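There are structures below to look over.
Shared between the two complexes below is chain A, which has chain B as its partner in the first and chain C in the second.
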Partner chain A sequence: MKKIVFISAVLYFMATALHAQDFLKRSEVHGSFETDVMFYQPDNALGITDSTINGNNFGFNAFADIIYTLDNFSAGFRYEAYLPPIAGFDTQLEGQGFPYLWATYNTEKYSFTVGNFYEQFGNGLVLRTYQEWSLGYDNSINGVRVVAEPVKGLIFKGVYGTQRYYWSKWEKNGRGVVKGVDAELNFNDVFKFMSDAKLQLTLGGSAVSKYQADNNPFYKMPKNVGAFAGRFNIGIGKFNFTSEYAYKINDPSAVNNYIYKDGQGFIFTGSYSTTGLGVFAMFKRYDNMSYKSDQAVTGNALDINYLPALTEDHTYMLAAMYPYATQPNGEIGFQVQVNYKIPKKTWLGGKYGTGIEINYSQINDIDRQKVNDTTGINQNGTLGYTSEFFKFGKTIFNRDLTVKIDKKFSKNLKGIYTYINQQYNQDVVLGHTGEPNVFAHIGVIDMTYKFTSKKALRVELQGLWTKEDKQDWAALMFEYTISPHWFFSIADQYNYGNDIAEDRLHYYTGSFGYTYKTTRVSVTYGRQREGVVCVGGVCRQVPASNGFSITLSSNF
Partner chain B sequence: MKKLFLLTFLVVFGMAAMAQEVNPGAKIPSVTIKNIDGNSFNTQDISNDGKPIIISFWALWCKPCKLEMDAYNENYPEWVEETGVKIYAVSIDDARSTAKVLPFVSGKGWTMEMLLDPNSDFKRAMSVNMIPHTFILNGNGEVVYQHTSYYEGLEDEIFEILKKIAAGEDPNE
Partner chain C sequence: MKIRYLLLLVLAAVVVFNSCEKVDPPYIENVDYCSGDKKVLLEDYTGHQCVNCPTAALLAHTLQDDFCDRVVIMAVHAGYFAQPTSDPLFSSDYRTEAGNTWDTFFGNGAQGNPNGLVNRIPINDNYVISPGNWGTAIAPLLQQPAEAKMLIKNEFNSSTKKLTTKVTTTFLESMEGNIQLLVCLTQDSIVSAQKNNNPDAGQTPVEENYVHMHMLRTTLNGNWGESVNGGNTVSNGDVFVKEYTLEFKEEWIPKNCHIVAFIYHESNKNVIQVEESPVLN
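Take a look at the complex of A and B:
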C-alpha cells in the first residue's frame, strides 16, 4: 500500500513539477490518464445473484502514461492497475505496476530505443506489437530497437527482445526471444528520376525469428522459428495496389494442435479513387499463421504477428452482435467496397448530395486435404494437411453485405440508413460447438436533428432479425448533445423475439458525460448484454452484467 | 486500502486534468508515419507558413470521427478563406483497413491532408487516449487547443478559435 501511495506521489510530482518549472524550459512533459470503474449489482433475470457476484462487485482498470522529452532524448512509462480487472478482461491482468518503460534517442537519421516498444513491419503479418486498452491487449517487446533512415525513403529497422505476458517476468528457458529486421525502399524518395514520376513504388521485406528452448515433454520442437515477408505498394494515378506475402517455417503450438506444417499469409488490395468515387477490392489467405513467442500459450497474448480481420467493422449496437475474429489456423476470403457520393443539386443527390457505401465480404475455411491415407486432417504431431492456395474450403465463416446511405435533408436534419445481411459461424468464431450458422438481417435508421448550432438530438432505431441464436432484437437510442461539453443518452435493446419467453429481456442503459477540452467523464447505468468486443479482429468476450460504470479520461 | 488507492488516483488524475491548462507551447514530436500514398512522412514536416493548423485523429470504425470530418470538410473552404488554416487528418486505422482509407476519403470527397498512422505511433506520441481528438496549432507550430470527442456544433467553436489565432490573439482567453 505504501508503494502505491509512493507511486502516485511520484506521478503527481512528475506531472506538475516538471512542466510547471521555468528552469526546465527545454523539457516537455505530457501524458494521458484513464480510469474505468465498474460497480456490479445482482440481476436475477441475467442469472447474476448475490452469490455469483460473491464480493466481486467492483472492477477497476486504470493507466497513466507519461512522456518526457528533452531535445533529441525522450523517455516514458505507463503505469497500469487492474484491481481487480473489469469483467471480461483476462484475470491474469490483476495487479499493478509499470509494464511499459522506455527511453529513445532520436537524430534525423537514426533512432535508438531501449525498454518496451511497439513496432510494425509492413502489414504486421510477421511482426506487430501494439497496445489496445479496450481489449486489455499488450504484446510490447522489451529490449532494443534501432531505426535508421540513411537517406530519405530508405528505412532499416532492427528489433530484439522478449514480449510482455501480463505481469510475469521473463525467465531463461521460459517464453521465447524475438529478433527481427525490416527494410523499406521508397523509389520516389530515393531516386531523383522518379521523384516526379506518375508511378509511386515502395518495396519492403522483413525477417523475424523466435528462439524458445524446447520444454515440450511429447514433441521435439523447433527452437528457432523463422518467418519472412515481402511487400509492395504501387500507385499509378487513381489506382493503388498493395500486397504482402509471408512465410513461416513449421511451428507446432497449442494453437495449431502441434502440427509441423509451415505457414503462409497473403494479402492483396487494389483500389480506384477519384473525387466522389472510391472502389476497393481485396483478397487474403491465412494458412497456419499463428506466431507466438510461446508455443504453449493460447488466447490474446504473446502474438509476434498480426492477422487483420478484413471484414466490415460494425459499430451500431445490434450490428456489432456478431463480430468476426480472425482465424489464424486458416481462412480465405475477399472483400469489395464502393463509396460514391451522388453530386449536389441532382435529383438523387438533393441539395447537399447523398453518400452511398456498399461493402461485401466473405470468409471461408481454407481447403484442407489429408497428407496421406493413414493420417487425419490436423492430427497432432503430423504435417497436418495439404491445401490448394486459391481454393475456398466448404465451410463459410462469415459473410456480410452492408449498404449504407447517408443523406442531409436540410441544414438541421440528416440521416444514415444501414442494411446488413450477415451469415456468421458461431461454432468456429465463438467456439460455440454445434450451434448453427446465424443468418441475420439488420436495419438501422440513424437521424440527427440540430435544434440550435450547439444542441442536437440523435435517434437510432435498430432491428435484428434471425431464426438462430437468440432470435429477434429491436433497439432504440436517444442521444442529446450540447456542444462542446455535454451528452445524455438512453438506450434499450430488447430481445423481443426470443423463443424462450422468460429470456425476452430489455437491456436498458442510461448515460451522460461531460467533456472539458481533453478531459472526459462519463457515467453509465444499466444492463450490458453478453457479447464480444473486437478491435481489428482481436476479440474479447464480455459477460452480461448490470450496474454502474464510470470512465475518466484525460491528457495534457 | 482500495479506497485509499482510488482516492489517490483521483487526486492525481484531477491534478493532471488541471495541469493541461498550463502546458501551452508544446511542439509536435518527430514520428515517422505514412502519407496517403504510402510514402514515409515525418510529423515534424507538418507546417503551414505561419498560419494555424488542425491535426485531427480519426478512424473508419469511429462514427463520431466521420461526422466530425464531414463537418470540417463542409466548412473547410470558408475556414481557409478567413484564417488560412490547413487540416491534417490522421487515420489510426490499422492493417485491417489502411488500404480502405484512400477510396473511402475519395468517395466522401474530403479535401484535407490525409496521413496514415497504422500502428498508432503518432497517436501515442501525442498522448491521445480516445478519438476523435483534435489539436489546433498556432502559427509557431505550438499546440494551443485540444479537444476530445465530437458533438454537433463543435465546428463553430473550432472556427472561433481559428479566427482568434489568425488575429494573433490567445485562443484560451
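Take a look at the complex of A and C:
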C-alpha cells in the first residue's frame, strides 16, 4: 500500500514538474524600470537657501513596470515611489505602492481586462486615459474593459470603472464612476468591394458618461454627465482628412466656475503628402470641454478626456521657454505646416538636398457673449455665456511662427537652423495674472560634426529676445557622443538681458550618460531655471533649483 | 456582421445615453440659509494689480446675498499683486502685517490670486480655495449649528478718534484646546485703482476709481489674536468678554469701517464663529 502511495506521489510530482516546465517555457516576463533622483543645494542667486530647502534636499521618483504573459493571458503591475516627489511634481504624489494592477485575456475576437487600464476613444475628446511619467500624470481607469472585433475592421470597446487620483482609494460617494462605449468601422476592411478602393474610410462614434453623487450643498449638480463624439478618417490618394466632433451635456465644476453650459469640441485635420512635399493643416475649437470624474477637482488629475494640442512642440532649451497649455474652458485655433525638401544637386538643395519646414499656429479665446443683460460672463450658477461657433475671440493665447531649415554640408557636417516668432499669453496660459503678453524672437543654430562613424560633436547656439518677462537670453550647448555608450554635455542659459541686473544669471549644467544595451544611467549637475514642462498641451510648473540629478532606466 | 453584436452595442449605447441629466434653472439649491446663527468668514486674498480679482469680489458679494448675509467678507490685500508700484495709480500699499503673515502661513499668494479661505478650513489638505469653490465650501458650514455666539459692541470717540471694542463670546457647546479671538478692522468704499478684466466690475484693463470693499486695515490684538480660554475646556454657556482699543489713522473713515471678530481653534486654525459690526452704530 505504501509503495502504491509512494509511486503515485512520484508520478504526480513528475507530471507536475513536466507541466511546470511546459508552463515556464510558455511564460514570458518583461519589464522596465526608471529611477530619478534629485539632490538639491542652496543657491542664493535663485533665492534658494538652507531655510527654504528646510531639510528637503532630496527628491526621488521611481517606477517599475512588470508584465507577465502566458499564451492569451497577460497580467502586470506598476510600482511607483515618490519619496518625496521631485520639486515641481504634485505633492499629493508623495508615497509609494502599486497603483496599477491588471490582468487581460485575449482571444482572436475579444479582449477582457480587469484592473487598471489605459484606453482612448478616437482622438480622446470624450475619453482618453494615459500615463505621462515626466508630468507625474496618470488617469488610468480601475475597472473592466472589453474589446471585441467580431469581424476585421469593426471594433467595439466598452469601459467601466473609477479613475486613479494619486493614492486616494475610491470611496462610495467620492469621485465619479466612468462608463463608455466606442465603435469604429473601417469600411475597407469590412466591405470586400472597398478592400482595394482608392478611398480609405473609417467612421467611429463614442458615448461616455460619469456618475458622481451630488454632495454639493450649494449647486444642483447633474449626477450623470454624458459626452458623445463622432469621427471620420478619409484618405484619398495623397490626401487625408480626419475630424471629430464631441458634445458634452451640462457639467458644472470647479474648473468652469460651476456654469451649466454644454460643452463642445471639434477638430479637423487635412494633409497632403507627396515626394518632397508635405502639407498639414488643423483647426480646432474647444468650448467648456473640461471633463473630469470629480467636479471639485482642478489641475492635472481625473481627466476623463484629452484635448489634443495644436501648437508646435519645441524641444530646444530657449524655444521651450513658453510652451502652450491647452485651455479646456475655451480656445479656438488653427495650425498650418509645410515641409519641403529642395532636391539635391540643385542650386539651393546643394549636394544633399535641403529640408524646409514652416509652421504657423494661432490660438485665441473663443467668442463669449452674455446670456442676458443681468448675468456676467462665466458667472457661476448660470449658463455662463453664449458663443458663436467659428468666431475667434479677441484675446490671443498663443501665436507661433517657426521656420526650420536642415542642411547637410558634407558627409560629416550637418546643421539645423530655426527661427521662431512667438506671442504668448502668460496671464492665461501660466496663470501669471496681469503679466503682459510675451513677444519673442528665438533663433537656434544646431550643428553636428561627425569625427568618425561613432564620435560626434553637436553644438547648439540659441538666442531669445523679448522686452517682456525676463527679457533676453542666450544659450550654448556642447554635446559629445561616443556611440553607442557615452555622451557628455555642457550647457549654459544666460539671462543676459534681464532688466534687473542681479537677475542676469547663468543657468549652467553639465551631464554625462552611459548606455549599455537597454540600461542607461545619466548624471546632471547644475541649475534648473524656473519654467513649465508640457507634453501634448498638458503642463506642470518647474521651480528653479540647483543640484545633482541621477537617472537610471532599464528594460528587459 | 452578427446581429447580436449590433444589439449589444445598441444596448450599451442606450445605457450610456440614459446616463445624462439636464439640470434646469435655478441652478442653486433652494435651501433656506436665513435661519441659523452660524456665520462663515470668507477671506478674499486680493491685490490691486490682480486683473481677475474684481470678478472674485463680485462673486463674494453674490454669495453674501445667496447666503442671507451670513457670510462675513474680509478682503486681504497681500502677495505679489498687492505690492505698490512706481506707477502713481498703484503706489498705494494696502498690505497689512497680519495679512502678509496669513498669506505666508496659508500660502494664498504662492497659489496665485484670486483665492480665499473659508473659515480657515482646508479642503483636500489645502486651506486655499479658488473662487469657484467658495460657495461649495460655505454652504455646508452654514447648515451646521452655531457653536458660539459673538456680540460686538463698538464705541467710537470722534474727538480722540479712539475706538473701544468689546467682544462677548458665549459658547453653545463644550470644546477643548486653546481658542483664540482675533479682532480686525475692515474698511469699505476706498476708491483706488484696480486692474480689471471684467466689464461688470468696471473699466478694463484698469478701473481708476474702483471701490474697494471689506479691506482689512489692521488687527486689534496681533496677527493671531489672543486666547479666550487660556487652554481650559469650555462648556455650554461659558461667557468670555474681551475689550480692545484702537486709535484711528487719518485714512480710516469711521463711517466706512467695521470690526470683524472671530474665534478659532489654535491647533488647526479652523474658525468657530465670526461676527461683524460697524464702528459707528
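Simple rule for what comes next: the second predicted complex is superposed on the first by the 533 of 556 C-alpha atoms of A that agree within 3 Å, B and C clash if a C-alpha of one lies under 4 Å from a C-alpha of the other, contacts with A are read in each partner's own complex, and residues count from 1 in each chain.
By definition in this document, a residue touches a chain if its C-beta (ideal position, glycine included) is under 8 Å from a C-beta of that chain, and two chains touch if they have at least 3 such contacts.
Remember, predicted model here, so these are calculated numbers, not experimental data.
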Of chain C and chain B, partner touching more chain A residues: B
Touching partner for A:Y258 - first (chain B), second (chain C), both, neither: second
Touching partner for A:R504 - first (chain B), second (chain C), both, neither: neither
Chain B versus chain C as contact partner of A:N188, first or second or both or neither: first
Partner chain in contact with A:Y211 - chain B first, chain C second, else both or neither: second
Which superposed partner A:Y340 touches (first chain B, second chain C, both, neither): first
In the complex, chain B residues that touch chain A: 1-2, 4-6, 8-13, 15-17, 19-20, 22-23, 26-27, 29-30, 32, 37-40, 60-63, 94-100, 102-109, 118-121, 124-125, 127-130, 133, 145-149, 151-154, 156-157
Residues of chain A touching chain B in the complex: 1, 4-5, 8, 11-12, 15-16, 19-20, 28-35, 37, 58, 60, 62, 64-65, 67, 69, 74, 81, 83, 106, 118-120, 123-124, 128, 130-131, 133, 147, 149, 152-153, 155, 184, 186, 188-189, 200, 202, 233, 235, 240, 242, 267, 269, 271-280, 282, 306, 308-310, 313, 315, 337-341, 353, 355, 357, 448, 450, 452-456, 458, 481-484, 486-487, 513, 515-520, 536-537, 552-556
Touching residues (chain side chain A, partner chain C) in the complex: 148, 150-151, 154, 156, 158, 179-181, 183, 190, 207-209, 211, 216-226, 228, 249-250, 252-258, 260, 296, 298, 376-377, 379-383, 427, 431-434
Touching residues on chain C, where the partner in the complex is chain A: 1-2, 5, 8-9, 12-13, 15-17, 19-23, 25-29, 31, 49-52, 55, 58-59, 62, 66, 81, 112-113, 123, 130-133, 135-136, 138-140, 143, 195, 198, 200
